[in-house]
Amino acid sequence: MSGVKPNLSVNVGGILMKNPVTTASGTFGFGPEYSPYLDLNRLGAIVVKGITLLPRTGNPTPRLAETPAGILNSIGLQNPGVERFISEALPFLADYDLPVIVNIAGDTVDDYALLAEKLSRASGVGGLEVNISCPNVKKGGMQFGSDPAMAAEVTRAVKASTGLPVIVKLSPNVTSIVAVAEKVAEAGADALSMINTVLGMAIDIKKKRPVLGNLLGGLSGPAVKPVAVRAVWQVYREVKLPIIGMGGITTAEDAIEFILAGATAVAVGTANFVNPRATMDVLEGIENYLCENGIENIDELTGLAQKS
Amino acid sequence: MSGVKPNLSVNVGGILMKNPVTTASGTFGFGPEYSPYLDLNRLGAIVVKGITLLPRTGNPTPRLAETPAGILNSIGLQNPGVERFISEALPFLADYDLPVIVNIAGDTVDDYALLAEKLSRASGVGGLEVNISCPNVKKGGMQFGSDPAMAAEVTRAVKASTGLPVIVKLSPNVTSIVAVAEKVAEAGADALSMINTVLGMAIDIKKKRPVLGNLLGGLSGPAVKPVAVRAVWQVYREVKLPIIGMGGITTAEDAIEFILAGATAVAVGTANFVNPRATMDVLEGIENYLCENGIENIDELTGLAQKS
Amino acid sequence: MSPVADAKVIKQNMIAPGHFRLYLFAPEIAEAARPGQFVHVRCGHTLDPLLRRPVSIHAVDREKGEVILFYRVAGRGTALLSKNNSGDTISLLGPLGHGFSMPQSHARVLVVAGGIGIAPLYFFLQEIAVSEISADVFLGAATQKQLFFMNEIKESGHRVVPSTDDGSTGYHGTVADLFEEYVRKSDNQNGPVRRGDDAKVYGCGPSGMLKRLTDIIAAAGIPGEVSLEERMGCGVGACLSCACKARGGKNGVQYRRACVDGPVFPAGEVVWE
Amino acid sequence: MSPVADAKVIKQNMIAPGHFRLYLFAPEIAEAARPGQFVHVRCGHTLDPLLRRPVSIHAVDREKGEVILFYRVAGRGTALLSKNNSGDTISLLGPLGHGFSMPQSHARVLVVAGGIGIAPLYFFLQEIAVSEISADVFLGAATQKQLFFMNEIKESGHRVVPSTDDGSTGYHGTVADLFEEYVRKSDNQNGPVRRGDDAKVYGCGPSGMLKRLTDIIAAAGIPGEVSLEERMGCGVGACLSCACKARGGKNGVQYRRACVDGPVFPAGEVVWE
């Protein structure tokens, strides 16, 4: 068995990935930033920074605080807007052979629809990840994600505006992530990704004020891994859509936890900051694990811990 | 100024504490466990392990998993039941001069009322902490805590059955902790405590099954601190009840973050396991901070970061 | 007041790959320690890993105020622990737990240790040697190189019967198999261990081995004590995470806390899963 | 491919309380490094603290493949870093960022360093000395003992004018005050720095000092470059956490990334808060 190379390819709602490892939106820029550190072609897919209709300058600084085994961020969707994204950032990725998944965020349902439409017309987009769960923007963002009906409405609007596979990204800041997932699935999502950051805060006791310029921020990194694994586990049981699992993945062992819980693919986020080659380490570790366990097909691993 | 000893005493909904430092339920046993390591009389109050009407054996093992800067537990309210608690555990604490706060948990609203009644008749109980937020029991527990109306009902029932100060302990596993806090306040709670553990999970990739015998568990420790500080900050803005803040406090600096966010008192939980004298270190550090900052009265610190 | 000791590392020796003997200066713990007790060790200085790790007291030098640990690198905590050098400071809680009972002077003492299980039993053997009790020690390991302290144990007056899983030294098989054969032979040939003898077994090792050992001595009617390894949080009885099933209580089975009610339990009381 | 180097510690010297010079073997980084660039350093080996810390390249020895850092213990990360000894391994990312521009050979070079700000400027001074450019170095510190490397800098052909906050050596006051006086005098007395001179200022230090420096040179009409300290996440331009305000863009002010667009910016471009 150990001689046979396992089959790592996965299908995430119509997005064909040569392996299950991708990047978490907002932690990997648009590709060029990490291309000196790894061959992007080895990724299963790339998920780029969240894009809005118009350019955004983002939130006031400081935008980052370190917390125990995690970070809080309040970047606030700083991005060049969809037009400049298409003209300036997408061409770089055209040279690579991997699905480009564009994370989109809007203030209104129409924004999402318009973004989906524009990106569907651009060449080189392999799928959309609908960010209804960003805790760092005033309008839209998490509001959509914390109300199952609103989440469904955004999903329907995006689906109606694009032929691309649509992944909906869920927030952990809800009483029942399963309830949101179910509605989003009914509304036609092709896949789910989870989790976005956990709403948090830090206070500077010297200055006696919040550390972040935006007061609240989103918690990510190893600290949130147990919350994320739980979310994947709960949703996998109830909703029959492929899941991209993320939240604190720094090693292959972490990624395998998510897959055993029910994830079809995994995304590496905050860990890129610590180790620019984290995606590659995760990929190689998953491959070794499959070999050692005599598993020929990565799909066999998805949700296996649910069956014990 | 530095010569003057600051006034550390606080009033938490009628519970008079000589200082703001107490223990988080379930992490400090019933008192004797840590009494070799510190003088319990130096605590502002002691909050004991959750008590139910009947004895409980708790959840299957393993009940504990370490996670990055945190732990997952699924103890499941193992306790001797209220009768034996009163006859066997309370007398030990009678020798000490500090408010004993009893954490109570029930399967039904009536359970809570009955527990409150029984404990009000016992001597040596200084207050009740109503646990509507335990993620580790099937019935009751978090269910009460995630529905504002149910939470209010439990609160009313307890208030009707006791003359003791009633603290309601809130769960972070909700879309809006403020919504729950508001209803609980309307229902007559004297104080709030937050946060209980964050619902989480870990998977053993060797055994390919969840680590905990009970599958899901509650995340606590430094990892959750940003979530807890955020909860205190949000609730302090909207609800005019004193708050006992907890979640990841290991040092005085951590405790001060909670107080600046809006906590009147703080509880040390998981950190006791790491450092049995953590409560004392927190207490001494708070006192030093007040001296260094020329603050005479700890109350002046509560919510100060909201005013900047 | 029980101490939370900031113990200075005197020295740390790697005695085989991944196996370390750590010498700590902690006079109060050395003074109070009894065989089978443990210390709860802070392996690093940051919030990750967060919890302490329980490690048996392997030996003490009360004159020098030394506590000696013997451990195997099993994961992140013990890996960090192994990086400590002389002069570094390690926080210890202890001595904790309920240890081995001391045998009567006329008793027939049988010690069964599997792998790293020799760690606390070494201390036990040292202490009974002071009372001039000598034991038969059944020492099992994966391979010859991991049969630790054979000579030291012999020198303190005990007999050692080794076994290795790979047969590189002594009996070829597990230490439970070895011990079973020994007990069976004793029975058949009217040998040294018999029902009614004042014999007592002291065991420590992997839980599979301890379960077998418990069955063997139950069948032979010999009393014994075993030291369990449970995942621990607080180490002082507060968190209820180290619950292990034991006979007793209303339903015949109850949870007991390995950290304070154990880690050493009468073999007959343990309910194996 | 840019390296993520696992650099061996050659040695680490405490050169004053809380101040360390760390010598690392990282030949590729040493080869590529330019003054003002930094390395992103993993201070520990666990998940806490999680993020890397940016530290300027303080000097290189390209022949030996050495990268030298000079840092002050400011918190948990740098405290852990200071525990590393020769033989230990530290993960480095770099060289990162946009450094100082090299002055023209005929330029009048004025270097203004406050406190630990000398770290990258030392490298700059080394490199320009190779091109036989000598600078006037205004070196400020809290007290005499923290006026680091004065002699080394002089030996490489530069002039050093020291200032201390407590007046224990040199000018009594901040280095910004010292520099302001110097510039004013130059103006008044037709001295060495004048508008139209090919003078250029290179500054690094606390942000309050850099803001003053920017004002002073703006008023005097001298161009300059300053190195900013922003909290950093990735260090490679991906996370947008190191945003700092700079002139430009549609609204006249835009966020730029300290890690890739900086840390060194033309002084006139920085928008101070």
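Residue numbering begins at 1 within each chain, and the chains themselves are lettered A, B, C and D in the order written.
Keep this in mind: a contact is a pair of C-beta atoms (placed from the backbone, for glycine too) under 8 Å apart; a residue touches a chain by one contact, two chains touch by 3 or more.
Computed from a prediction, not measured in an experiment: that's the story for all the values here.
K.L.:
According to the touch definition, list the chains common to the neighbour sets of chain B and chain C.
P.N.:
A, D
K.L.:
Looking at A-D and B-D, which pair shares more C-beta contacts?
P.N.:
A-D
K.L.:
Please name the chain that ends up farthest from chain B once chain centres are defined by their CA atoms averaged.
P.N.:
Of all the other chains, the one whose centre lies farthest from chain B is D.
K.L.:
Compute the distance, rounded to whole Å, between the mean C-alpha positions of chain A and chain D.
P.N.:
37
K.L.:
Calculate how many whole Å lie between the centre of chain A and the centre of chain C, each centre taken as the average of the chain's C-alpha atoms.
P.N.:
A distance of 47 Å separates the two centres.
K.L.:
Roughly how far is chain C from chain D, centre to centre by C-alpha average, rounded to an integer in Å?
P.N.:
The computed centroid separation for chain C versus chain D comes out at 56 Å.
K.L.:
Going through chain D residue by residue, note those that touch at least 2 other chains and give them in order.
P.N.:
47-49
K.L.:
Please output the residue numbers of chain A that touch at least 2 other chains, ranges allowed.
P.N.:
Correct list: 68-70, 221-222.
K.L.:
Drawing the touching chains as a network, do you get a line, a ring, a star, a complete graph or other?
P.N.:
complete
K.L.:
Please name which positions on chain C make contact with chain A in the complex.
P.N.:
Residue list for chain C touching chain A: 47-48.
K.L.:
Of all residues in chain B, which touch chain C in the complex?
P.N.:
Where chain B meets chain C, its residues are 26-29, 33-34, 36-38, 49, 57-58, 61-66, 68-71, 73, 75, 78, 221-222, 250, 270, 272-277.
K.L.:
Taking the touch rule as given, give the residues of chain B at its contact with chain D in the complex, in rising order.
P.N.:
68-69, 222
K.L.:
Please output the residues of chain D touching chain C within their complex, sorted ascending.
P.N.:
Checking each residue of chain D against chain C gives 44, 46-49, 76, 80.
K.L.:
List the residues on chain C that touch chain B in their complex, please.
P.N.:
Counting only chain C, the residues touching chain B are 1-2, 4, 42, 47-52, 91, 93, 230-244, 254-255.
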